[in-house]
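The block underneath contains the structure these notes are about, expressed in C-alpha coordinates.
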Amino acid sequence: MTRVSEFLLHRRVQFYEVDSAGIVHFSWFFRYMEEAEHAMWREAGLSIHAVNDDIGWPRVATAFEFYRPLRFEDEFDVHLRVAQMTAKTIRYECVLTKNGEKIANGSMTIACVQKKPTMKAIAIPAEIASRLAPDRGAA
Amino acid sequence: MTRVSEFLLHRRVQFYEVDSAGIVHFSWFFRYMEEAEHAMWREAGLSIHAVNDDIGWPRVATAFEFYRPLRFEDEFDVHLRVAQMTAKTIRYECVLTKNGEKIANGSMTIACVQKKPTMKAIAIPAEIASRLAPDRGAA
Amino acid sequence: MTRVSEFLLHRRVQFYEVDSAGIVHFSWFFRYMEEAEHAMWREAGLSIHAVNDDIGWPRVATAFEFYRPLRFEDEFDVHLRVAQMTAKTIRYECVLTKNGEKIANGSMTIACVQKKPTMKAIAIPAEIASRLAPDRGAA
Amino acid sequence: MTRVSEFLLHRRVQFYEVDSAGIVHFSWFFRYMEEAEHAMWREAGLSIHAVNDDIGWPRVATAFEFYRPLRFEDEFDVHLRVAQMTAKTIRYECVLTKNGEKIANGSMTIACVQKKPTMKAIAIPAEIASRLAPDRGAA
(Lines give C-alpha, C1' and ligand atoms only; values in the text may rest on other atoms or scores of the structure.)
Protein backbone atom coordinates (compact mmCIF):
# COMPACT_ATOMS: atom_id res chain seq x y z
CA MET A 1 0.00 0.00 0.00
CA THR A 2 1.27 3.46 -0.87
CA ARG A 3 1.42 5.91 2.00
CA VAL A 4 -0.20 9.28 1.47
CA SER A 5 2.03 12.32 2.06
CA GLU A 6 0.22 15.18 0.40
CA PHE A 7 -3.10 16.28 -1.06
CA LEU A 8 -4.27 18.95 -3.46
CA LEU A 9 -7.73 20.35 -2.78
CA HIS A 10 -9.39 22.53 -5.40
CA ARG A 11 -12.02 24.82 -3.96
CA ARG A 12 -14.22 27.82 -4.77
CA VAL A 13 -14.88 30.68 -2.33
CA GLN A 14 -18.48 30.65 -1.09
CA PHE A 15 -20.47 33.80 -0.35
CA TYR A 16 -20.80 33.14 3.40
CA GLU A 17 -17.01 32.95 3.71
CA VAL A 18 -16.51 36.56 2.57
CA ASP A 19 -16.60 39.39 5.10
CA SER A 20 -17.73 42.98 4.76
CA ALA A 21 -14.26 44.00 3.54
CA GLY A 22 -15.03 41.85 0.49
CA ILE A 23 -12.36 39.25 1.27
CA VAL A 24 -12.47 35.77 2.78
CA HIS A 25 -12.54 36.08 6.57
CA PHE A 26 -9.23 34.81 7.95
CA SER A 27 -10.89 32.20 10.17
CA TRP A 28 -11.91 30.33 7.00
CA PHE A 29 -8.34 29.54 6.00
CA PHE A 30 -8.13 27.16 8.96
CA ARG A 31 -11.26 25.40 7.75
CA TYR A 32 -9.85 25.17 4.22
CA MET A 33 -6.70 23.56 5.65
CA GLU A 34 -8.82 21.12 7.64
CA GLU A 35 -10.95 20.25 4.60
CA ALA A 36 -7.74 19.31 2.76
CA GLU A 37 -6.61 17.25 5.76
CA HIS A 38 -9.84 15.24 5.85
CA ALA A 39 -9.79 14.73 2.09
CA MET A 40 -6.19 13.47 2.41
CA TRP A 41 -7.28 11.00 5.09
CA ARG A 42 -10.08 9.74 2.84
CA GLU A 43 -7.50 9.33 0.05
CA ALA A 44 -5.54 7.19 2.53
CA GLY A 45 -8.63 5.08 3.24
CA LEU A 46 -9.21 6.71 6.62
CA SER A 47 -11.81 8.87 8.33
CA ILE A 48 -10.56 11.32 10.93
CA HIS A 49 -13.83 11.12 12.83
CA ALA A 50 -15.36 7.68 12.68
CA VAL A 51 -18.60 7.32 14.62
CA ASN A 52 -18.11 5.64 18.02
CA ASP A 53 -14.39 6.17 17.67
CA ASP A 54 -12.50 5.96 20.95
CA ILE A 55 -9.77 8.28 19.75
CA GLY A 56 -9.80 11.89 18.61
CA TRP A 57 -7.46 14.34 16.91
CA PRO A 58 -7.53 17.73 18.66
CA ARG A 59 -5.44 20.51 17.19
CA VAL A 60 -2.44 21.42 19.33
CA ALA A 61 -1.14 24.42 17.39
CA THR A 62 -1.90 26.17 14.13
CA ALA A 63 -0.80 29.27 12.25
CA PHE A 64 -1.30 31.14 8.99
CA GLU A 65 0.50 33.89 7.14
CA PHE A 66 -1.62 35.78 4.62
CA TYR A 67 -0.14 37.32 1.46
CA ARG A 68 -3.07 38.09 -0.82
CA PRO A 69 -6.84 38.12 -0.33
CA LEU A 70 -9.36 35.68 -1.77
CA ARG A 71 -12.67 37.04 -3.04
CA PHE A 72 -16.17 35.71 -3.78
CA GLU A 73 -16.21 32.93 -6.39
CA ASP A 74 -12.39 32.79 -6.63
CA GLU A 75 -11.10 29.30 -7.38
CA PHE A 76 -8.01 28.29 -5.44
CA ASP A 77 -5.89 25.32 -4.39
CA VAL A 78 -4.89 24.07 -0.97
CA HIS A 79 -1.71 22.02 -1.20
CA LEU A 80 -1.40 20.12 2.08
CA ARG A 81 1.68 18.07 3.05
CA VAL A 82 2.51 15.88 6.04
CA ALA A 83 5.58 17.73 7.30
CA GLN A 84 6.36 15.61 10.35
CA MET A 85 5.07 12.59 12.27
CA THR A 86 6.01 11.68 15.83
CA ALA A 87 4.67 8.82 17.95
CA LYS A 88 1.68 10.89 19.05
CA THR A 89 1.45 13.86 16.68
CA ILE A 90 1.21 14.86 13.02
CA ARG A 91 2.32 18.21 11.66
CA TYR A 92 0.93 19.53 8.37
CA GLU A 93 2.02 22.43 6.24
CA CYS A 94 -0.04 23.93 3.46
CA VAL A 95 0.17 26.52 0.74
CA LEU A 96 -2.87 28.22 -0.75
CA THR A 97 -2.52 29.45 -4.31
CA LYS A 98 -4.78 31.06 -6.90
CA ASN A 99 -3.70 30.70 -10.52
CA GLY A 100 -0.23 29.86 -9.29
CA GLU A 101 0.02 32.99 -7.14
CA LYS A 102 0.68 32.42 -3.43
CA ILE A 103 -2.24 33.42 -1.21
CA ALA A 104 -1.26 32.07 2.20
CA ASN A 105 0.92 29.61 4.12
CA GLY A 106 -0.44 27.52 6.97
CA SER A 107 0.60 24.86 9.46
CA MET A 108 -1.23 22.66 11.93
CA THR A 109 -0.15 20.10 14.52
CA ILE A 110 -2.64 17.52 15.72
CA ALA A 111 -2.34 14.98 18.52
CA CYS A 112 -3.86 11.53 18.84
CA VAL A 113 -5.87 11.29 22.07
CA GLN A 114 -8.02 8.78 23.85
CA LYS A 115 -11.36 10.39 24.64
CA LYS A 116 -12.19 8.49 27.84
CA PRO A 117 -11.97 8.45 30.79
CA THR A 118 -10.12 11.73 30.17
CA MET A 119 -8.64 13.26 27.03
CA LYS A 120 -5.00 12.07 26.98
CA ALA A 121 -2.35 11.83 24.24
CA ILE A 122 -1.64 8.29 23.07
CA ALA A 123 0.45 6.67 20.33
CA ILE A 124 -1.04 6.90 16.85
CA PRO A 125 -2.54 3.46 16.04
CA ALA A 126 -0.38 1.47 13.60
CA GLU A 127 -3.31 1.13 11.20
CA ILE A 128 -3.34 4.89 10.79
CA ALA A 129 0.41 5.53 11.01
CA SER A 130 0.98 2.99 8.25
CA ARG A 131 -1.14 4.94 5.78
CA LEU A 132 0.42 8.37 6.17
CA ALA A 133 4.05 9.45 5.82
CA PRO A 134 5.99 12.70 5.91
CA ASP A 135 6.47 14.27 2.50
CA ARG A 136 10.14 13.75 1.51
CA GLY A 137 10.24 17.22 0.05
CA ALA A 138 9.09 18.75 3.36
CA ALA A 139 11.35 21.28 5.03
CA MET B 1 -41.23 26.82 40.61
CA THR B 2 -42.12 29.32 37.92
CA ARG B 3 -42.22 27.99 34.38
CA VAL B 4 -40.26 29.93 31.79
CA SER B 5 -42.22 31.05 28.72
CA GLU B 6 -40.04 33.69 27.11
CA PHE B 7 -36.58 35.16 27.03
CA LEU B 8 -35.02 38.42 25.91
CA LEU B 9 -31.48 38.15 24.56
CA HIS B 10 -29.48 41.32 24.00
CA ARG B 11 -26.73 40.90 21.46
CA ARG B 12 -24.22 42.82 19.35
CA VAL B 13 -23.42 41.97 15.70
CA GLN B 14 -19.92 40.53 15.35
CA PHE B 15 -17.68 41.17 12.35
CA TYR B 16 -17.63 37.56 11.15
CA GLU B 17 -21.43 37.56 10.95
CA VAL B 18 -21.52 40.29 8.31
CA ASP B 19 -21.30 39.41 4.62
CA SER B 20 -19.82 41.30 1.70
CA ALA B 21 -23.09 43.19 1.19
CA GLY B 22 -22.37 44.77 4.58
CA ILE B 23 -25.32 43.11 6.34
CA VAL B 24 -25.63 40.12 8.66
CA HIS B 25 -25.75 36.94 6.59
CA PHE B 26 -29.24 35.46 6.84
CA SER B 27 -27.95 32.11 8.17
CA TRP B 28 -26.94 33.90 11.37
CA PHE B 29 -30.51 34.75 12.34
CA PHE B 30 -31.12 31.05 13.00
CA ARG B 31 -28.10 30.99 15.30
CA TYR B 32 -29.32 34.10 17.10
CA MET B 33 -32.69 32.39 17.66
CA GLU B 34 -30.93 29.29 18.96
CA GLU B 35 -28.73 31.34 21.31
CA ALA B 36 -31.89 32.80 22.82
CA GLU B 37 -33.40 29.31 23.12
CA HIS B 38 -30.39 27.97 25.03
CA ALA B 39 -30.27 31.04 27.27
CA MET B 40 -33.97 30.50 28.02
CA TRP B 41 -33.27 26.87 28.96
CA ARG B 42 -30.48 28.00 31.28
CA GLU B 43 -32.93 30.49 32.83
CA ALA B 44 -35.22 27.50 33.42
CA GLY B 45 -32.40 25.57 35.10
CA LEU B 46 -31.86 23.33 32.08
CA SER B 47 -29.16 22.62 29.51
CA ILE B 48 -30.32 21.60 26.05
CA HIS B 49 -27.20 19.55 25.50
CA ALA B 50 -26.01 17.88 28.67
CA VAL B 51 -22.94 15.71 28.24
CA ASN B 52 -23.78 11.99 28.07
CA ASP B 53 -27.39 12.90 27.56
CA ASP B 54 -29.48 10.10 26.06
CA ILE B 55 -31.90 12.52 24.46
CA GLY B 56 -31.46 15.21 21.85
CA TRP B 57 -33.45 18.08 20.37
CA PRO B 58 -33.18 18.16 16.58
CA ARG B 59 -34.89 20.95 14.72
CA VAL B 60 -37.93 19.80 12.72
CA ALA B 61 -38.79 23.04 10.96
CA THR B 62 -37.69 26.65 11.04
CA ALA B 63 -38.37 29.87 9.16
CA PHE B 64 -37.50 33.55 9.11
CA GLU B 65 -38.92 36.66 7.48
CA PHE B 66 -36.50 39.55 7.15
CA TYR B 67 -37.64 43.17 7.24
CA ARG B 68 -34.53 45.26 7.83
CA PRO B 69 -30.81 44.48 7.77
CA LEU B 70 -28.45 44.36 10.75
CA ARG B 71 -24.96 45.80 10.34
CA PHE B 72 -21.58 45.49 12.08
CA GLU B 73 -21.66 46.44 15.76
CA ASP B 74 -25.44 46.96 15.78
CA GLU B 75 -27.02 46.09 19.12
CA PHE B 76 -30.29 44.21 18.89
CA ASP B 77 -32.74 42.10 20.87
CA VAL B 78 -34.06 38.60 20.29
CA HIS B 79 -37.40 38.14 22.01
CA LEU B 80 -38.10 34.39 22.07
CA ARG B 81 -41.38 32.86 23.23
CA VAL B 82 -42.59 29.30 23.67
CA ALA B 83 -45.53 29.36 21.27
CA GLN B 84 -46.69 25.75 21.63
CA MET B 85 -45.80 22.54 23.43
CA THR B 86 -47.03 19.08 22.46
CA ALA B 87 -46.08 15.74 24.04
CA LYS B 88 -42.97 15.47 21.86
CA THR B 89 -42.34 18.93 20.41
CA ILE B 90 -41.81 22.58 21.31
CA ARG B 91 -42.51 25.45 18.94
CA TYR B 92 -40.82 28.83 19.45
CA GLU B 93 -41.49 32.17 17.86
CA CYS B 94 -39.15 35.12 18.00
CA VAL B 95 -38.95 38.75 17.02
CA LEU B 96 -35.67 40.56 16.42
CA THR B 97 -35.70 44.29 17.03
CA LYS B 98 -33.17 47.11 16.99
CA ASN B 99 -34.06 50.21 18.97
CA GLY B 100 -37.66 49.05 18.92
CA GLU B 101 -37.73 48.68 15.14
CA LYS B 102 -38.65 45.23 13.83
CA ILE B 103 -35.78 43.49 12.05
CA ALA B 104 -37.07 39.95 11.53
CA ASN B 105 -39.59 37.31 12.66
CA GLY B 106 -38.59 33.70 13.20
CA SER B 107 -40.03 30.37 14.28
CA MET B 108 -38.58 26.99 15.12
CA THR B 109 -40.04 23.61 16.06
CA ILE B 110 -37.87 21.10 17.89
CA ALA B 111 -38.56 17.48 18.76
CA CYS B 112 -37.40 15.43 21.72
CA VAL B 113 -35.62 12.28 20.50
CA GLN B 114 -33.83 9.35 21.97
CA LYS B 115 -30.41 9.09 20.35
CA LYS B 116 -29.93 5.31 20.55
CA PRO B 117 -30.34 2.73 19.15
CA THR B 118 -31.82 4.98 16.46
CA MET B 119 -32.96 8.60 16.54
CA LYS B 120 -36.69 8.44 17.40
CA ALA B 121 -39.18 10.97 18.77
CA ILE B 122 -40.17 10.41 22.39
CA ALA B 123 -42.23 12.23 25.02
CA ILE B 124 -40.53 15.25 26.55
CA PRO B 125 -39.31 14.19 30.04
CA ALA B 126 -41.51 15.60 32.82
CA GLU B 127 -38.49 17.25 34.43
CA ILE B 128 -38.09 19.40 31.34
CA ALA B 129 -41.75 19.85 30.45
CA SER B 130 -42.42 21.11 33.97
CA ARG B 131 -39.99 24.00 33.58
CA LEU B 132 -41.24 25.44 30.30
CA ALA B 133 -44.71 26.59 29.32
CA PRO B 134 -46.34 28.24 26.32
CA ASP B 135 -46.48 32.01 26.54
CA ARG B 136 -50.10 33.02 27.25
CA GLY B 137 -49.78 35.92 24.87
CA ALA B 138 -48.71 33.63 22.02
CA ALA B 139 -50.78 33.52 18.86
CA MET C 1 -30.00 31.41 -24.99
CA THR C 2 -31.52 28.80 -22.72
CA ARG C 3 -32.89 30.07 -19.46
CA VAL C 4 -31.81 28.26 -16.32
CA SER C 5 -34.59 26.95 -14.08
CA GLU C 6 -32.89 24.48 -11.79
CA PHE C 7 -29.55 23.27 -10.53
CA LEU C 8 -28.24 20.12 -8.91
CA LEU C 9 -25.40 20.63 -6.44
CA HIS C 10 -23.47 17.61 -5.19
CA ARG C 11 -21.79 18.21 -1.86
CA ARG C 12 -20.00 16.47 0.99
CA VAL C 13 -20.54 17.32 4.67
CA GLN C 14 -17.48 19.02 6.17
CA PHE C 15 -16.35 18.50 9.76
CA TYR C 16 -16.97 22.09 10.86
CA GLU C 17 -20.62 21.81 9.76
CA VAL C 18 -21.38 19.03 12.26
CA ASP C 19 -22.49 19.88 15.78
CA SER C 20 -21.96 18.07 19.05
CA ALA C 21 -25.04 15.93 18.45
CA GLY C 22 -23.10 14.46 15.53
CA ILE C 23 -25.41 15.91 12.87
CA VAL C 24 -25.13 18.89 10.52
CA HIS C 25 -26.19 22.03 12.39
CA PHE C 26 -29.47 23.26 10.95
CA SER C 27 -28.08 26.70 10.10
CA TRP C 28 -25.91 25.03 7.46
CA PHE C 29 -28.87 23.94 5.34
CA PHE C 30 -29.50 27.59 4.47
CA ARG C 31 -25.89 27.90 3.33
CA TYR C 32 -26.18 24.73 1.26
CA MET C 33 -29.29 26.20 -0.44
CA GLU C 34 -27.43 29.44 -1.11
CA GLU C 35 -24.42 27.59 -2.53
CA ALA C 36 -26.76 25.90 -5.01
CA GLU C 37 -28.33 29.28 -5.86
CA HIS C 38 -24.97 30.87 -6.64
CA ALA C 39 -23.86 27.85 -8.68
CA MET C 40 -27.13 28.13 -10.64
CA TRP C 41 -26.43 31.79 -11.34
CA ARG C 42 -22.95 30.93 -12.58
CA GLU C 43 -24.53 28.27 -14.81
CA ALA C 44 -26.71 31.09 -16.18
CA GLY C 45 -23.64 33.23 -16.83
CA LEU C 46 -24.32 35.48 -13.85
CA SER C 47 -22.71 36.36 -10.53
CA ILE C 48 -25.04 37.24 -7.68
CA HIS C 49 -22.46 39.53 -6.13
CA ALA C 50 -20.38 41.30 -8.74
CA VAL C 51 -17.80 43.70 -7.30
CA ASN C 52 -18.93 47.35 -7.48
CA ASP C 53 -22.44 46.17 -8.21
CA ASP C 54 -25.11 48.77 -7.53
CA ILE C 55 -27.74 46.15 -6.80
CA GLY C 56 -28.01 43.47 -4.16
CA TRP C 57 -30.17 40.43 -3.42
CA PRO C 58 -31.18 40.33 0.24
CA ARG C 59 -33.20 37.39 1.43
CA VAL C 60 -36.81 38.29 2.27
CA ALA C 61 -37.98 34.97 3.68
CA THR C 62 -36.65 31.46 4.03
CA ALA C 63 -37.68 28.17 5.61
CA PHE C 64 -36.62 24.56 6.01
CA GLU C 65 -38.27 21.34 7.09
CA PHE C 66 -35.89 18.63 8.27
CA TYR C 67 -36.66 14.92 7.84
CA ARG C 68 -33.37 13.08 8.36
CA PRO C 69 -29.96 14.14 9.66
CA LEU C 70 -26.76 14.49 7.65
CA ARG C 71 -23.51 13.31 9.23
CA PHE C 72 -19.76 13.90 8.76
CA GLU C 73 -18.53 12.97 5.27
CA ASP C 74 -22.03 12.19 3.98
CA GLU C 75 -22.45 12.99 0.30
CA PHE C 76 -25.73 14.60 -0.64
CA ASP C 77 -27.53 16.56 -3.35
CA VAL C 78 -29.22 19.93 -3.28
CA HIS C 79 -31.82 20.16 -6.04
CA LEU C 80 -32.72 23.84 -6.38
CA ARG C 81 -35.53 25.13 -8.61
CA VAL C 82 -36.78 28.61 -9.48
CA ALA C 83 -40.35 28.29 -8.21
CA GLN C 84 -41.58 31.80 -9.00
CA MET C 85 -40.39 35.11 -10.42
CA THR C 86 -42.13 38.45 -9.98
CA ALA C 87 -40.95 41.87 -11.17
CA LYS C 88 -38.80 42.35 -8.09
CA THR C 89 -38.43 38.92 -6.46
CA ILE C 90 -37.36 35.34 -7.07
CA ARG C 91 -38.58 32.39 -5.06
CA TYR C 92 -36.57 29.16 -4.92
CA GLU C 93 -37.50 25.76 -3.60
CA CYS C 94 -35.02 22.99 -2.90
CA VAL C 95 -34.90 19.37 -1.86
CA LEU C 96 -31.90 17.81 -0.16
CA THR C 97 -31.44 14.10 -0.71
CA LYS C 98 -28.85 11.47 0.24
CA ASN C 99 -28.80 8.36 -1.92
CA GLY C 100 -32.29 9.23 -3.09
CA GLU C 101 -33.65 9.54 0.45
CA LYS C 102 -35.22 12.89 1.33
CA ILE C 103 -33.26 14.81 3.95
CA ALA C 104 -34.91 18.25 3.94
CA ASN C 105 -37.08 20.71 2.00
CA GLY C 106 -36.24 24.39 1.77
CA SER C 107 -37.47 27.62 0.24
CA MET C 108 -36.08 31.11 -0.10
CA THR C 109 -37.39 34.38 -1.53
CA ILE C 110 -34.93 37.07 -2.54
CA ALA C 111 -35.57 40.64 -3.66
CA CYS C 112 -33.62 42.80 -6.06
CA VAL C 113 -32.60 46.05 -4.34
CA GLN C 114 -30.63 49.15 -5.16
CA LYS C 115 -27.99 49.63 -2.50
CA LYS C 116 -27.78 53.44 -2.55
CA PRO C 117 -28.81 55.95 -1.41
CA THR C 118 -30.96 53.56 0.64
CA MET C 119 -31.72 49.87 0.22
CA LYS C 120 -34.94 49.77 -1.84
CA ALA C 121 -36.62 47.06 -3.95
CA ILE C 122 -36.36 47.61 -7.70
CA ALA C 123 -37.28 45.68 -10.84
CA ILE C 124 -34.93 42.81 -11.68
CA PRO C 125 -32.69 44.01 -14.56
CA ALA C 126 -33.70 42.47 -17.91
CA GLU C 127 -30.20 41.07 -18.39
CA ILE C 128 -30.71 38.93 -15.31
CA ALA C 129 -34.42 38.19 -15.71
CA SER C 130 -33.76 36.92 -19.24
CA ARG C 131 -31.39 34.22 -18.00
CA LEU C 132 -33.56 32.65 -15.30
CA ALA C 133 -37.06 31.21 -15.55
CA PRO C 134 -39.47 29.42 -13.25
CA ASP C 135 -39.23 25.65 -13.48
CA ARG C 136 -42.29 24.40 -15.38
CA GLY C 137 -42.60 21.49 -12.99
CA ALA C 138 -42.71 23.82 -9.99
CA ALA C 139 -45.80 23.81 -7.78
CA MET D 1 -7.05 60.71 26.82
CA THR D 2 -5.90 57.34 28.08
CA ARG D 3 -4.59 54.98 25.47
CA VAL D 4 -6.02 51.47 25.50
CA SER D 5 -3.52 48.61 25.72
CA GLU D 6 -5.58 45.60 26.70
CA PHE D 7 -9.08 44.25 26.96
CA LEU D 8 -10.79 41.46 28.87
CA LEU D 9 -13.70 39.81 27.08
CA HIS D 10 -15.99 37.48 29.01
CA ARG D 11 -17.79 35.02 26.80
CA ARG D 12 -19.89 31.85 26.85
CA VAL D 13 -19.48 28.97 24.37
CA GLN D 14 -22.44 28.75 21.99
CA PHE D 15 -23.81 25.47 20.65
CA TYR D 16 -22.91 26.15 17.02
CA GLU D 17 -19.26 26.63 18.02
CA VAL D 18 -18.91 23.06 19.29
CA ASP D 19 -17.93 20.26 16.91
CA SER D 20 -18.82 16.59 16.91
CA ALA D 21 -15.92 15.81 19.24
CA GLY D 22 -17.82 17.87 21.82
CA ILE D 23 -15.25 20.67 21.96
CA VAL D 24 -15.10 24.15 20.45
CA HIS D 25 -13.86 23.90 16.86
CA PHE D 26 -10.38 25.42 16.67
CA SER D 27 -11.39 27.93 13.98
CA TRP D 28 -13.56 29.67 16.58
CA PHE D 29 -10.61 30.72 18.73
CA PHE D 30 -9.58 33.14 15.99
CA ARG D 31 -13.07 34.65 16.06
CA TYR D 32 -12.96 34.93 19.84
CA MET D 33 -9.64 36.81 19.54
CA GLU D 34 -11.13 39.10 16.92
CA GLU D 35 -14.22 39.77 19.06
CA ALA D 36 -11.91 40.92 21.84
CA GLU D 37 -9.98 43.10 19.38
CA HIS D 38 -13.13 44.87 18.18
CA ALA D 39 -14.40 45.33 21.73
CA MET D 40 -11.01 46.86 22.63
CA TRP D 41 -11.31 49.28 19.71
CA ARG D 42 -14.80 50.29 20.86
CA GLU D 43 -13.34 50.84 24.35
CA ALA D 44 -10.83 53.16 22.65
CA GLY D 45 -13.65 55.03 20.91
CA LEU D 46 -12.93 53.42 17.55
CA SER D 47 -14.63 51.08 15.09
CA ILE D 48 -12.39 48.78 13.11
CA HIS D 49 -14.84 48.75 10.23
CA ALA D 50 -16.57 52.08 9.79
CA VAL D 51 -18.98 52.22 6.86
CA ASN D 52 -17.51 53.99 3.81
CA ASP D 53 -14.09 53.73 5.40
CA ASP D 54 -11.22 54.12 2.95
CA ILE D 55 -8.89 51.99 5.03
CA GLY D 56 -9.03 48.36 6.13
CA TRP D 57 -7.22 46.07 8.57
CA PRO D 58 -6.45 42.72 6.95
CA ARG D 59 -4.79 40.09 9.08
CA VAL D 60 -1.16 39.44 8.07
CA ALA D 61 -0.38 36.51 10.38
CA THR D 62 -2.07 34.68 13.22
CA ALA D 63 -1.45 31.64 15.39
CA PHE D 64 -2.88 29.69 18.31
CA GLU D 65 -1.61 27.06 20.71
CA PHE D 66 -4.31 24.98 22.39
CA TYR D 67 -3.88 23.53 25.88
CA ARG D 68 -7.33 22.51 27.04
CA PRO D 69 -10.70 22.20 25.31
CA LEU D 70 -13.74 24.42 25.78
CA ARG D 71 -17.18 22.79 25.87
CA PHE D 72 -20.81 23.85 25.36
CA GLU D 73 -21.93 26.59 27.77
CA ASP D 74 -18.45 27.00 29.28
CA GLU D 75 -17.75 30.56 30.38
CA PHE D 76 -14.27 31.83 29.59
CA ASP D 77 -12.15 34.97 29.29
CA VAL D 78 -10.14 36.35 26.39
CA HIS D 79 -7.39 38.63 27.66
CA LEU D 80 -6.12 40.58 24.65
CA ARG D 81 -3.08 42.88 24.74
CA VAL D 82 -1.44 45.17 22.18
CA ALA D 83 2.00 43.56 22.06
CA GLN D 84 3.61 45.80 19.43
CA MET D 85 2.81 48.72 17.14
CA THR D 86 4.84 49.74 14.10
CA ALA D 87 4.08 52.52 11.62
CA LYS D 88 1.80 50.24 9.60
CA THR D 89 1.02 47.23 11.80
CA ILE D 90 -0.38 46.18 15.17
CA ARG D 91 0.45 42.90 16.86
CA TYR D 92 -1.85 41.44 19.51
CA GLU D 93 -1.34 38.59 21.91
CA CYS D 94 -4.10 36.90 23.86
CA VAL D 95 -4.63 34.29 26.52
CA LEU D 96 -7.87 32.35 26.90
CA THR D 97 -8.65 31.11 30.39
CA LYS D 98 -11.52 29.30 32.08
CA ASN D 99 -11.77 29.70 35.85
CA GLY D 100 -8.15 30.82 35.85
CA GLU D 101 -6.95 27.74 33.96
CA LYS D 102 -5.13 28.41 30.69
CA ILE D 103 -7.04 27.21 27.63
CA ALA D 104 -5.06 28.67 24.71
CA ASN D 105 -2.55 31.33 23.63
CA GLY D 106 -3.02 33.34 20.46
CA SER D 107 -1.40 36.10 18.44
CA MET D 108 -2.44 38.19 15.47
CA THR D 109 -0.74 40.86 13.37
CA ILE D 110 -2.88 43.26 11.36
CA ALA D 111 -1.84 45.85 8.79
CA CYS D 112 -3.42 49.19 7.94
CA VAL D 113 -4.22 49.32 4.22
CA GLN D 114 -5.83 51.69 1.79
CA LYS D 115 -8.58 49.83 -0.07
CA LYS D 116 -8.43 51.73 -3.39
CA PRO D 117 -7.22 51.80 -6.07
CA THR D 118 -5.42 48.68 -4.86
CA MET D 119 -5.00 47.21 -1.37
CA LYS D 120 -1.70 48.66 -0.10
CA ALA D 121 -0.15 49.05 3.36
CA ILE D 122 -0.15 52.63 4.67
CA ALA D 123 0.76 54.38 7.92
CA ILE D 124 -1.79 53.98 10.70
CA PRO D 125 -3.75 57.27 10.90
CA ALA D 126 -2.69 59.39 13.91
CA GLU D 127 -6.28 59.48 15.16
CA ILE D 128 -6.17 55.72 15.59
CA ALA D 129 -2.52 55.36 16.65
CA SER D 130 -3.09 57.92 19.41
CA ARG D 131 -5.78 55.79 21.05
CA LEU D 132 -3.93 52.48 21.25
CA ALA D 133 -0.58 51.68 22.83
CA PRO D 134 1.53 48.60 23.44
CA ASP D 135 0.94 47.03 26.83
CA ARG D 136 3.99 47.81 28.99
CA GLY D 137 3.87 44.33 30.43
CA ALA D 138 4.06 42.75 26.96
CA ALA D 139 7.00 40.54 26.07
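As written, the chain order gives the labels A, B, C and D, with residue 1 at the start of each chain.
Methods note: contacts are C-beta pairs under 8 Å (C-beta built on N, C-alpha and C of every residue); 3 or more make two chains touch, one makes a residue touch a chain.
Being a predicted model, the structure only gives us computed values, none of them experimental.
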Touching both chain C and chain D we find A, B
Between A-C and A-D, more contacting C-beta pairs sit at A-D
In terms of CA centroids, furthest away from chain B sits chain A
Dist(centroid_CA(chain A), centroid_CA(chain C)) in Å evaluates to 29
Between chain A and chain B, the Cα-mean centres are separated in Å by 33
Can you give the whole-Å distance between the Cα centres of chain A and chain D?
-> 24
At least two other chains touched by the same residue of chain A: list those residues.
-> 15-16, 20-22, 27, 31, 34, 49, 72
Interfacial residue positions of chain B with respect to chain C in the complex = 20-21, 23, 26-28, 30-31, 34, 49, 56, 58-66, 69, 115, 119
State the interface residues of chain C toward chain D in the complex, per the touch definition above.
-> 15-16, 18-22, 25, 27, 72
In their shared complex, at which residues does chain C touch chain A?
-> 14-16, 22, 31, 34-35, 38, 42, 47-49, 51, 71-73
